[in-house]
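There are two complexes below, and they share chain A, which is joined by chain B in the first and by chain C in the second.
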Partner chain A sequence: MTTIPFYRRKETKLVLRYVIALALVVIFVFPIYWLFAISFKTPGEIFAFPPVWYPKSIQFNNYAVLFKDGDAKTVGNSLVLASLSTVFAMILGTIAAYSLVRFKTGGENLALWIISQRMIPPVAIVFPVFLLYVWLSWVDTYIGLIILYTSFSLPYVIWMMRGYIEDIPLELEESALIDGCSRREVLWKVVFPMVRAGLFATAVFTFVFSWNDFLFALVLTRTEVATYTVQVTHYFGGQSNFWSKIAAMSVLGTIPVFITVATLQRFLVRGISMGAVKG
Partner chain B sequence: MPAIAHPDRNFKYWLISPAIFLLLLIGLFPLIFSLVVSFMRISMLETDRSFAGPVNFVQLFHDARLWQSLAHTALIIVIALPVELLLGLAMAYLFLDTMPGRQILISLLVLPTIISPIVAGATWRLLFDNRYGPINQILGWFAGHPVAALWTVNPRLVYPAIIFCEIWQWTPFMFLILLAALSNVDRSLTEAAEIDGARFWRSFRYIVLPAIWPVMSIAILIRGLDLFRIFDIIWALTAGGPGTMTETISVYAYVQGFQQFETSYMAAIAFLVIALLTVIVTFAVRRMGLAK
Partner chain C sequence: MSDLKITGLHKHYGAFHAVKGIDLEVPSGELTVLVGPSGCGKSTLLRTIAGLEEASAGTIEIGGKNVTWARPRDRDIAMVFQNYALYPYLNVHENIAFGLRARKVASDEADKRVKRAAEMLGIAQLLRRFPRELSGGQRQRVAIGRAIVRDALLFLFDEPLSNLDAQLRDDMRVEIKRLHQELGRTMIYVTHDQIEAMTLADRIALLREGRIEQLGAPLDLFERPATRFVAGFLGSPKMNFLPAIIESGDVILRDGTKLTLPPGRKAPNGQAVILGLRPQHIAKAGMGTAPGHVQLPSTIELVQPTGSRVQVSMPLGGSSITAEFAAHEVTAPGEQVRIDIDMIRAVLIDPQTDEVI
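For the complex of A and B:
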């Protein structure tokens, strides 16, 4: 009966895997837990030694301060910039991808040039963009940042949407054309509905990229459209940090992304690997 | 009902022109502008704007701080990338089979990857605090005496601190991609190999690895490129310090351009970075067989 030794039994393996899995989850989630915990702590709890592992009571004073001082407005700025630029990038990128796929516009070279744009490190272009924006009076304006994020997202959107559009059977579009649809109607009535899942998946990541940007916002915003990532760094001090503000602002800036990703989670994998994994 | 507003011939150009315009405005224009500036003598502290020839490019080769910043960047890549890859792969294997609550556990593990890098850096700044942070406290339990390590200041600890944060944030990214790739591998092949007596690493080497390589290579490329321009985490944790000890190429370029106002020199650095990236990526794409 017991020819299989204890340590090779299926149940033992499962228990072992489970223990390791839980340990990993604790390790990876603990920093985020700590961030949330600090945001609810009182100053006394934050600066307790040894550290207090959980706040005695949930109190929202650290958040209230951010709203009272108007710092919380930066989360709103991030929200406006990231969502509007995502919408624009999705529309412009999808129709451009359609042009690349269906009409082979510009051939393979144009497609490669577009994707190569994503390789450019932000630090290499942020300065000339800054000078351009000074000249256009676009520094610290919504339009400036939205255009910047839109164009910075475009290569990714075009690359991803190209993959999804290639999967649409050509016959579907042809029959729509025969039925008397114009090219434009085919695009709106056939192509867009067919790639809806792909649009969502790509939009999540486009949103997260723009949301997470720090360098462009650091250089190109002052006070009017400062994003929350810039605001967080204002609380760093050489000797002491504004712990409660760092934590509360970080949580405020993290929640919208968690919600977005949680809602559209099933699309995550293909988007994260730039289309390398189908499904 | 033929299309009148946009005849088919021009339709394709109508579709792509807005995107191309934006890419030229924010992508190509800055590059050309940078190239011109890099041959000039512009510095915001002086009025001289004359043509300087390749002076700035020559200076690149004599700038020890620049080459150190490249070495720092390389150091972070060489350690973080393999660790993220191997740890991610091991975790993907761990979660490959079913277990209770698998989906929830995976979702929790992926959380670090979606928070902003600047927040990741800020979080670890708080965790690493020598007195009020939990890390020294936990280390103290194991050491048996209080630990007061200055993670973001002590020259021997800053790199471990940065790399810890980096690995924490991006291993889940590798994990998620490799989990998807492994799930697509035909299980009957590896099971058949195991019945034939093949050891784990042999079936991995000859069956699994070739199957997941296309996905894995893209993941390595994406992470490699991101690590090359690493900025946010370092800015939040050490801002390049102590001194210039953790200055990466992006941090150095930023400091030159926006704190020392050496406009032309920063443009030259930017071009060096782009040239290096182009060479590395071309080489990587060839070696990894991504060119198809």
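For the complex of A and C:
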């Protein structure tokens, strides 16, 4: 038996590590690949056995149908709802967090109480909300869902932004106050730039939460503001499932999130690690 | 004309009484140092002047205007913080111009002022850099630059040199003194460092437990302290304090050692006192005794050279005292010396009230 020299052992370890990493990547990426592949396949290819690993010719018919029938509009609805609720939640949440940190609004316990709102299972309140919305005539309206998503995101935004704002040295704000800024200008010229990475990271998560919501959209929308998550379920039929439509719609629903995360990746990593090294 | 006038100022934090009735008037163009041990209220006082803390009682006037309840930005002040307070996302130029922008100063006028301040502080070549690319000393220069471009009536410094190493601190101290002479502005400077206080101040306000213990020119405080606290706080090494009793014009130490007071020095006969002797006023005896001086034999216990001087410890009157000699006057512990005490500059303190008699 020969002993393996030290440097060989190190190489073996490295190769093994790469093999495992590659295997994991394949396991995680394959479903996404499969989704994309189906969306470009013809019905024949989708149901072929043995499976067709890649579409023989890229065809956009599955997408064309979604646009022709107006189903693609639901992605637009999702985009409007998620974007606007994210913007509102970020503005209100950051101001609230600033107030909690700097003016000790609500003492020590208010912040904890706020985050505890996040722990309510959505399904526990979906029917009370439905009844309220029927009474307000907010069912199937943009304003209804935007307000709902905003209020659901707020605890998270407040909690996250509170951590980032706590890390800003107080002197920076005091110095600005003396130099001639009002509180609002301090918020705008000092606090926002200081927590920029955190703002973007929090906004991405908020956006994704609202984007992925299914339960509230299912109960509170009909046709006008139905989101893509609800629309996808329409393709599961009692008799048959429209796999091509399911795949194409899912791809449409994935792309905006993918773009958002890709463009803000820089801030995402920094924002997530920002509060991590607190003294 | 005074730029700052404080009357009966109090500051409470809940049950804690941080500032207990301060009256202070700072004449135009003067640099006043607020000095004292940590927790004495000096920073609180400065922050209250700046408007960062609300006064609990009393009034603050800046430039003849009552600003007790005014917002910080309406007080015509500029402030330099201990941690520099530079904005990491702005470069040096933008940092210095921040206050001018906030006050809507025209941009070419702002540029001119930034450039002038940068040249004054020797940071003109750093204007495009970001704070993270600067050393501690350079950052503090930028922070000072940001204050001086503002052209405010009153400049506040909150321990601006505490984060710098010793060498840099000496340089910056000189710089600040020079700036004060050039600008001729009224400045309030907070420090816990007595050397900074002594070297920079036109006047020192020595604070203790929220009150001004003594206010005066640095040398006045050093040579004529009003209380035991002032006598002990200023001066390095610290003043020696020896319990004693007065008997027919002589100071008798605990072990019976007799130190004759200079003629004309009033002291209550038979009263217990504390004798305060500065290490600088105890010398190695030379030929003869000057009037008002006393000479005694002693034995060196400990020698601490500091370069040009040497600090020696020795017994006197049942206690150990510290004296400061010239560098080569003593060499080793155990050495027998004759010491010469300048009793003219000795301080007598009433142990009941801690006040200087």
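We take it that the second predicted complex is superposed on the first by the 256 of 279 C-alpha atoms of A that agree within 3 Å, B and C clash if a C-alpha of one lies under 4 Å from a C-alpha of the other, contacts with A are read in each partner's own complex, and residues count from 1 in each chain.
By definition in this document, a residue touches a chain if its C-beta (ideal position, glycine included) is under 8 Å from a C-beta of that chain, and two chains touch if they have at least 3 such contacts.
As the structure is a prediction and not an experimental result, all values here were calculated from the model.
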| item | value |
| --- | --- |
| Simultaneous placement of chain C and chain B on chain A, clash or fit | fit |
| Geometry of the superposed three-chain model: angle at chain A (Cα centres of chain B and chain C, steps of 10 degrees) | 100 |
| Which of chain B and chain C A:Phe214 touches, first, second, both or neither | first |
| Which of chain B and chain C A:Arg17 touches, first, second, both or neither | first |
| First, second, both or neither for A:Leu264, with chain B first and chain C second | neither |
| Touched partner set for A:Leu148, first chain B, second chain C, both or neither | first |
| Touching partner for A:Trp34 - first (chain B), second (chain C), both, neither | first |
| Which of chain B and chain C A:Gly180 touches, first, second, both or neither | both |
| Chain B or chain C, by number of chain A residues touched | B |
| A:Leu172 touches, of chain B and chain C: first, second, both or neither? | second |
| Contacts of A:Gly93 with chain B and chain C, given as first, second, both or neither | first |
| Chain C versus chain B - closest C-alpha approach in the superposed model, Å | 5 |
| Chain B/chain C common contact set on chain A | 180-182 |
| Residue ranges of chain A touching chain C (in the complex, touch as defined) | 169, 171-172, 174-182, 185, 189-190, 193-194, 196 |
| Residue ranges of chain B touching chain A (in the complex, touch as defined) | 1-3, 5-6, 8, 11-13, 15-16, 18-20, 22-23, 25-27, 29-31, 33-34, 37, 91, 94-95, 97, 99-100, 105, 107-112, 114-120, 122-127, 131-134, 137, 168, 171-173, 176-177, 180-181, 184, 214-215, 218-219, 222, 225, 228-229, 231-232, 235-236, 249-250, 253-254, 257-258, 263, 266-267, 270-271, 273-274, 277-278, 281 |
| Residue numbers on chain C that touch chain A, as the complex places them | 50-52, 71-73, 75, 77-79, 81-85, 87-89, 98-99, 102-103, 146, 150 |
| In the complex, chain A residues that touch chain B | 14, 17-18, 20-22, 24-25, 28-29, 31-32, 34-35, 38, 46-51, 53, 92-93, 95-96, 98-100, 102-103, 105-106, 114, 117, 119-129, 131-132, 147-148, 150-152, 154-155, 158, 180-184, 187, 208, 211-212, 214-215, 219, 229, 232-233, 236, 241, 243, 246-247, 250, 253-254, 257-258, 261-262, 265, 268-269, 272-274, 276-277, 279 |
